[in-house]
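One chain, chain A, links the two complexes that follow: it is found with chain B in the first and with chain C in the second.
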Partner chain A sequence: MGLLSDPVRRRALARLVLRLNAPLCVLSYLAGIAWFLALAFPPLTQRTYMSENAMGSTMVEEQFAGGDRARAFARDFAAHRRKSGALPVAWLERTMRSVGLEVYTQSFSRKLPFPDETHERYMVSGTNVYGILRAPRAASTESLVLTVPCGSDSTNSQAVGLLLALAAHFRGQIYWAKDIIFLVTEYDLLGTEAWLEAYHDVNVTGMQSSPLQGRAGAIQAAVALELSSDMVTSLDVAVEGLNGQLPNLDLLNLFQTFCQKGGLLCTLQGKPQDWTSLDGPLQGLQMLLLMVLRQASGRPHGSHGLFLRYRVEALTLRGINSFRQYKYDLVAVGKALEGMFRKLNHLLERLHQSFFLYLLPALSRFVSIGLYMPAAGFLLLVLGLKALELWMQLHEAGVGLEEPRGSPGPSAQGVGLASLVAPLLISQAMGLALYVLPVLGQHVAAQHFPVAEAEAVVLTLLAIYAAGLALPHNTHRVVSTQAPDRGWMALKLVALIYLALQLGCIALTNFSLGFLLAATMVPTAALAKPHGSRTLYAALLVLTSPAATLFGSLFLWRELQEAPLSLAEGWQLFLAALAQGVLEHHTYGALLFPLLSLGLYPCWLLFWNVLFWK
Partner chain B sequence: MAVSHCFSRAASAFTAVLLFSFGCVAASHIEDQAEQFFRSGHTNNWAVLVCTSRFWFNYRHVANTLSVYRSVKRLGIPDSHIVLMLADDMACNPRNPKPATVFSHKNMELNVYGDDVEVDYRSYEVTVENFLRVLTGRIPPSTPRSKRLLSDDRSNILIYMTGHGGNGFLKFQDSEEITNIELADAFEQMWQKRRYNELLFIIDTCQGASMYERFYSPNIMALASSQVGEDSLSHQPDPAIGVHLMDRYTFYVLEFLEEINPASQTNMNDLFQVCPKSLCVSTPGHRTDLFQRDPKNVLITDFFGSVRKVEITTETINLQQDSEIMESSYKEDQMDEELMEPLKYAEQLPVAQIIHQKPKLKDWHPPGGFILGLWALIIMVFFKTYGIKHMKFIF
Partner chain C sequence: MAAAMPLALFVLQLLGPGGWCLAEPQRDSLREELVITPLPSGDVAATFQFRTRWDSELQREGDTDHYFLRYAVLPREVVCTENLTPWKKLLPCSSKAGLSVLLKADRLFHTSYHSQAVHIRPVCRNARCTSISWELRQTLSVVFDAFITGQGKKDWSLFRMFSRTLTEPCPLASESRVYVDITNYNQDNETLEVNPPPTTTYQDVILGTRKTYAIYDLLDTATINNSRNLNIQLKWKRPAENEFPPVPFLHAQRYVSGYGLQKGELSTLLYNTHPYRAFPVLLLDTVPWYLRLYVHTLTITSKGKDNKPSYIHYQPAQDRLQPHLLEMLIQLPANSVTKVSIQFERALLKWTEYTPDPNHGFYVSPSVLSALVPSMVAAKPVDWEESPLFNSLFPVSDGSNYFVRLYTEPLLVNLPTPDFSMPYNVICLTCTVVAVCYGSFYNLLTRTFHIEEPRTGGLAKRLANLIRRIRGVPLL
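Let's turn to the complex of A and B:
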């Protein structure tokens, strides 16, 4: 007889699994964490290299020399902006036309679900201005985008000046094979989203935007530029985009080659690179954790994040002016951009040769998905092992019961299933309430309580979340007490499988989010059971709930950036993060809020129910 | 009186003899010159120049081919005798900052595109099928004359190929390859159809020497830019244009050819010395075992130029020697005669004796890794299901 069909052998196997399960789980979890920490170090990291042959090894001579012109444009722009208070559309149109571009504008408007306290916006209506430089000898089938997002808080006028000077320089060259779009957006990311939706003729976020009059072909790559002053000491690059999407690594390699060529200081996550070697193994780990936290948050960290949804590879470059001695002027930045665009001009296909999924412990080192996935795999293995153990225990119990009674096996199973449906439905309903109620009920809350709408939303969120903690006491009054003593095992089994499925799916698209949630939720989910010290397990479970993970990761993030938070500040930041999360879901389609509220919170509530099983 | 008559007769006889011998010497001098006239055995020259790669970053392959085209035209081969195949248009590529030019030297010293380029096969017409059809002459009747290789048995053909290649193949246009065996078979077809007198094959790709390894037809000389296992490297990038302009081997060949004029007597041995390893990084190779004449007697202009030999003479030259050969070549028992002159076609070269085409013995490796694992798994499952104790019922 085979291994699994022979009952004697199967029982022996079951006993083996049950005996070894606990050490295996612990080992697997530790292996997952250790693997993740080892990702920052040499055998698992590789040096970056340019994979696209068309953007190969040849360097191009940059001839941009329009530094003064850029500064003049920037001054004019800043003056007009101060005068009008919003984006000086007419001036921009005039200037772009004088430089030689085809100019178009686009107006958009949006009423945010509730006022945005950090950016001080509620009803937003603005205008985007963009100019197209047509390729002199090619059909307008492909294009590149240089975009400067202008919000009301950061004027970004130096970047607008550089954009106009670059446009003037590019217009004088005849070697462009793709059209170049120079885009200036109002209300930074909102404007960019409006423009992108109109360009690709979709409507995913409910933005009302006027259709675009001028188009330039499929966008191959985009660069977003943010400059705070006309002298920069370093250029910071941001890669993480909306929902943790990343641009093709070749774009980052391209940027890095031009940094090296121009001798610019280029930083990732705001920390400078040591070009010779990874200075200190801890810095690699620090950068890796910062990237993981940023990717897990699913926020678009710059205009580029919104381009990625349309599979347009994009980067954001931020010029930082710190207290270093050596400064670069606009000409150096302009030359780097000119070189990048010239190289991108050589592309024949979309960037696809290099990696789409990677982690960056340093600007010149990466970890590919094949090497970092096992970490998540080990963590999810714990859930699988625990589920297997529970299944075997249930079947042993089922088999043990069957022998004396003989028949009511199916009915025992049937009762088990029925008693599972109630907790599942109630948890899911709570999740739905968490998703829908805060935004729906904000006006009601603002009427009855002396709070602003944004605060109302956040407080409703927290209230519903905490109300979920009281569930088990209430549901037991509703559900009949037919639930057998071992019913919690079945519930836990279902919850474990549900959690494993969700975390697995999340880890595939956004590894950082999946890993972070797995690292916190998996141990307590595996340990949850109604026997033993309930208070300890309850405390652990609360500490590893999704909200607490968010709270903790804020502290970790600030700690890694060497700007630690106090508890009060952390709480304020946490509330702001909650509001931003809900807002971004509604305005850009970020998925963190629905995932946590509709997916992970109900799952966590199931474990809470298991813990308080009577 | 008789004595003086004798003496005058002797004198006239002597002068006659002198004149005759002088004439003989002169005549033999003329005949030597006539010998030199037919030294090479060819009467016309053809060139087939092929660039097989497209895309802007393969600019250098087009520049390679155009430089050879330029040299060959300069040395006298007319466009009607050149079949130029370029897989992409670099001069009019929108990325070219200097439209209508293709440069071979940095700082734009030499524009090899010129103003009278005639490209016969362009863009997507450069395929393996078209190339082989051109070589073998199996062309549909509607093909224009400029696209045909109308060579005969007195033509010397130069074939130059460049692009991306590997061990035993050359890539055409990112979608197909030609193997060295196909090429050797095409040349054999050409030989059997009397489509060439002598052939010079030059290839500038990575591992180029693998392309001439399989040739087995007579009168072929081959040069390659690198040996098997080596890469051919590009020469110099031009930062203004943004691409590499030429490959090293062809760059130095072009420099060498720029010094050749139609009257130069430089021979093939000099061409073999072009681009030593110090300049080229790869090791150029050549193959002359199929060629009848000694390379030092082969002029560069025999292949790269179309030299019309014209000698004005007032002497009469006796060409009997040739007709003897013509008669004797039809004799039956010529099978094992020593070869006399490189003018006969039939049974000229005892190919089997010269060429040793033994297939390469592949080393036997024990089955590794995956295969072993797979078989181990199969055997384990087999034993598990049937159990060892059952084996004795089977065996």
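Let's turn to the complex of A and C:
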């Protein structure tokens, strides 16, 4: 600390920071990006390993043999569903009861804030059916969940069939220590959300639903199943949940164990991967980027994502049927599920031993939080360095480096904080308008313009977003003329600190989102100043705004999926993503939309303000 | 459904002598009986009761002082053979003869429900209660899962359930009987068939409905002599039509609502399914101190309206000393669901207070509901000494009500739990380092530094000047 308390050395350090600021910033930024790219390569990735003792060795023997039964159930279910056009509740109830479960139903209804054009939903009312297998001689204090979300299209019949066949098999076993809930939800995630809210007796999203008649204690783990064919070539696992939450890594390890045991081909992000091959690490980088993009989106990738809010470790298994030669039937999938449930049944404590915060460059490799955080740290250091530079320049009253000994003049103390109030308030108000107005004003917009409500919401969103750029930037007339630079420097200083704080907090909870935003916003935020070629800076600033980041991420995403987008498709996808983002905030409580509109967009506007400071 | 009794309640009942034992009780007697009841769900419940009574010279001193009554629950006991073996050794015939030969652990623990109890109480030997006997009553109830064992059929036999048959009574027993619930048998002979056919039957009102039991007396030589063993079998001739089992008038459900590790809510749902009668229920809750109850959030609603309990007794918890005790008398309207909810905050324990496996969660004991439920059939108060033992499980207060005590399910609540591992230590260390750094950084940031020119030089300078003065050179 002597370094800082000794005025002479402190001054030397300050001079170093001021003189080397630009190279240090560039270095730090490059280090952050390089560190991130290096995450996919061996010294930073480790092999996954099972931490939980209760699930350690694979000492369960899977006996599930109900493949024919599962297919018969699936056929019946699909036929009944086609006949009734909705979830065949009565048939499900009857069948679950016939395999010996305690059956309950739950009806729910929800009016979405505006019509969902992707899923073609607006006023939704449906019924969830669930059956509870009571563990013998236990007091229903703990339970496991196997859930199948059924959408409006007629997929997932095979998953329901397998669920029923598994229920029939599980019912005949004596070893269960935890109750098992077999849940079939209507309107996929909406139904799951309704059921979870009713189970925990909370109302987070304004869902109206009937109270649950049967419960089974604290849910320890959940597996969501999506299967649409009798044969599968591979099983894909999705871990990314709401707001980028991830299940405990041990659950993934468990799945992987049974994949290996059953000889199943298991994939992550829908891509098979061979780590040992020559370009294994490069594939790893691709997977890592895919995972970062998916996690950053903050949307639940499967109905497991909604369980995570309630501290229920969950993942989604998707059966994929492609043109591969080796196919597995439902028995293989059922055996993997049986094994997983028997292992979860052994759990004494909740899953807590392994990592909750990780990135996956492959199914069997992970990067822990301690290793990926420096990447975000380096990026945020740029903001810190810039802020430090500005602070010193302001503090030394523009006297500069030539006269470090000169006492700061009286004007230096009045940094002109009053002049900051107006831009801060205006940008925050813009953010608030961006958050509130699109949904509030959709009917007005739909009346006055020839657009549907959903379009109205998206277009209002874009309009307000763009309007923010055109706001008056001459709100700082009060600033004294003797130090013309002081105003924008103070504003930029505040904006830098605000941005660094926000990005830091985001990176802690959802690293992917924090890193993506930092990687795009930091350089231009550091560069923004009202001198030089303003048009270039403005273009850069617009290109790195949160909306442009979203737009770019969509292209990157499709590029990594090896299905590149054309510009027009990209624009359509962008509009759909905006609508989905708003909807997911209102229906599931996803935080990306409020975060961008109330936090990052106003902050970004401040930099825009700095750029056009007169 | 709910209403699951705690698995093992080893109850030591020290009840008052009661007014019914005016007749001279038998000395040193053993009565044993087995009641087999087909449940509406298709499962079969078997309840064993053994009553041993012996004289003792121990004298009772007056009535039980209620001041000394204590209530305690262990919500986490899982019954296993370790509980059964010592329990069996208390029986006079152990498991060698009589009904207790059926107590085979591997079958009893292959059931879907198991409850085992020991009751001990003093019984007056005469009207003035000058001398007493002690009564030890042991009960064991199991429910056989017809779905697993019977492949979906409801038929049963003693051998299939216990993999044993009855051969002889316990030589010490004064009464040794098997009761089989054949209520439907009498209404309609087509429904079921019992083999061997019962010689005598017994009718009684149990839990508000009239029941008929076939009696097989092991002391009656004819019962066993026919084939040297007794394997009672019951066959249903027609499958029962009702898919939905009848719902009891009173049942309850309990759960924790909310999420996160800071707050939560304990909710108890009380169902009164009686179509037109309301009745009061006494609800007793003991909640551990580490769930800090907010009593002002206690809400009781039935049919959407506030339901004011007619009696509330609340004893607040003391940290590490005693739990919360909440007792309420609530009137349940006819055909209604009453929700009793109270919010709590999860306390942070000291790190030595966490149980082993702290991430499993902490148990909260079940609520106890006691109620006088209106019965469908008027029952006559019976002579307790003469009636079968199992009647003591279903006490009747008067003709129109019967007494029910229900235990809701225990709850598992997660408390904020530190990660007792290496990362935890790392976090502690990091926090310390950050705290130290923060202190000095804050100090630096809030202080201004000025350079002060030294008025006099250091020791070295003075020494140098001294030497210079001696040498006659200009000073520094």
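FYI, the second predicted complex is superposed on the first by the 562 of 614 C-alpha atoms of A that agree within 3 Å, B and C clash if a C-alpha of one lies under 4 Å from a C-alpha of the other, contacts with A are read in each partner's own complex, and residues count from 1 in each chain.
To be clear about the criterion, a residue touches a chain if its C-beta (ideal position, glycine included) is under 8 Å from a C-beta of that chain, and two chains touch if they have at least 3 such contacts.
All values reported here derive from a predicted model rather than from experimental measurement.
A.B. asks: Once the shared chain is lined up, is A:Tyr175 touching chain B (first), chain C (second), both, or neither of them?
C.D. replies: In the superposition, A:Tyr175 touches chain B alone.
A.B. asks: Once the shared chain is lined up, is A:Ser152 touching chain B (first), chain C (second), both, or neither of them?
C.D. replies: It touches nothing on chain B or chain C.
A.B. asks: Quick one: is A:Ser368 in contact with chain B, with chain C, with both, or with neither? Answer first, second, both or neither.
C.D. replies: neither
A.B. asks: More residues of chain A are touched by which partner: chain B or chain C?
C.D. replies: C
A.B. asks: So, A:Arg215: does it touch chain B (first), chain C (second), both, or neither?
C.D. replies: The answer is second: A:Arg215 touches chain C but not chain B.
A.B. asks: In the superposed arrangement, does A:Leu348 touch chain B (first), chain C (second), both or neither?
C.D. replies: both
A.B. asks: Based on the superposed arrangement, let me know which partner A:Arg137 touches: chain B (first), chain C (second), both, or neither?
C.D. replies: Both partners.
A.B. asks: Have a look at where A:Met59 lands relative to chain B and chain C in the superposition and call it first, second, both or neither.
C.D. replies: first
A.B. asks: After the superposition on A, what does A:Glu102 contact: first (chain B), second (chain C), both or neither?
C.D. replies: second
A.B. asks: Chain A residues touched by both chain B and chain C?
C.D. replies: Of chain A, residues 136-138, 174, 348 contact chain B in one complex and chain C in the other.
A.B. asks: If you look only at chain C, which of its residues touch chain A in the complex?
C.D. replies: Touch residues, chain C against chain A: 1, 4, 6-7, 75, 78-79, 109-114, 145, 147-148, 152, 243, 253, 255-261, 265, 267, 357-361, 363, 409-414, 417, 419, 421, 440, 444, 447, 449-451.
A.B. asks: Which stretch or stretches of chain A touch chain C in the complex?
C.D. replies: 1, 4-5, 7-8, 10, 97, 100, 102, 134, 136-142, 171-172, 174, 200-202, 214-215, 217-218, 309-311, 348-350, 352-353
A.B. asks: Which positions of chain B touch chain A when the two form their complex?
C.D. replies: 55-57, 92-97, 99, 237, 239-240, 242-244, 384-385
A.B. asks: Please give the residue numbers of chain A that touch chain B in the complex, ascending.
C.D. replies: 2-3, 53-54, 56-61, 135-138, 173-177, 342-343, 345-346, 348
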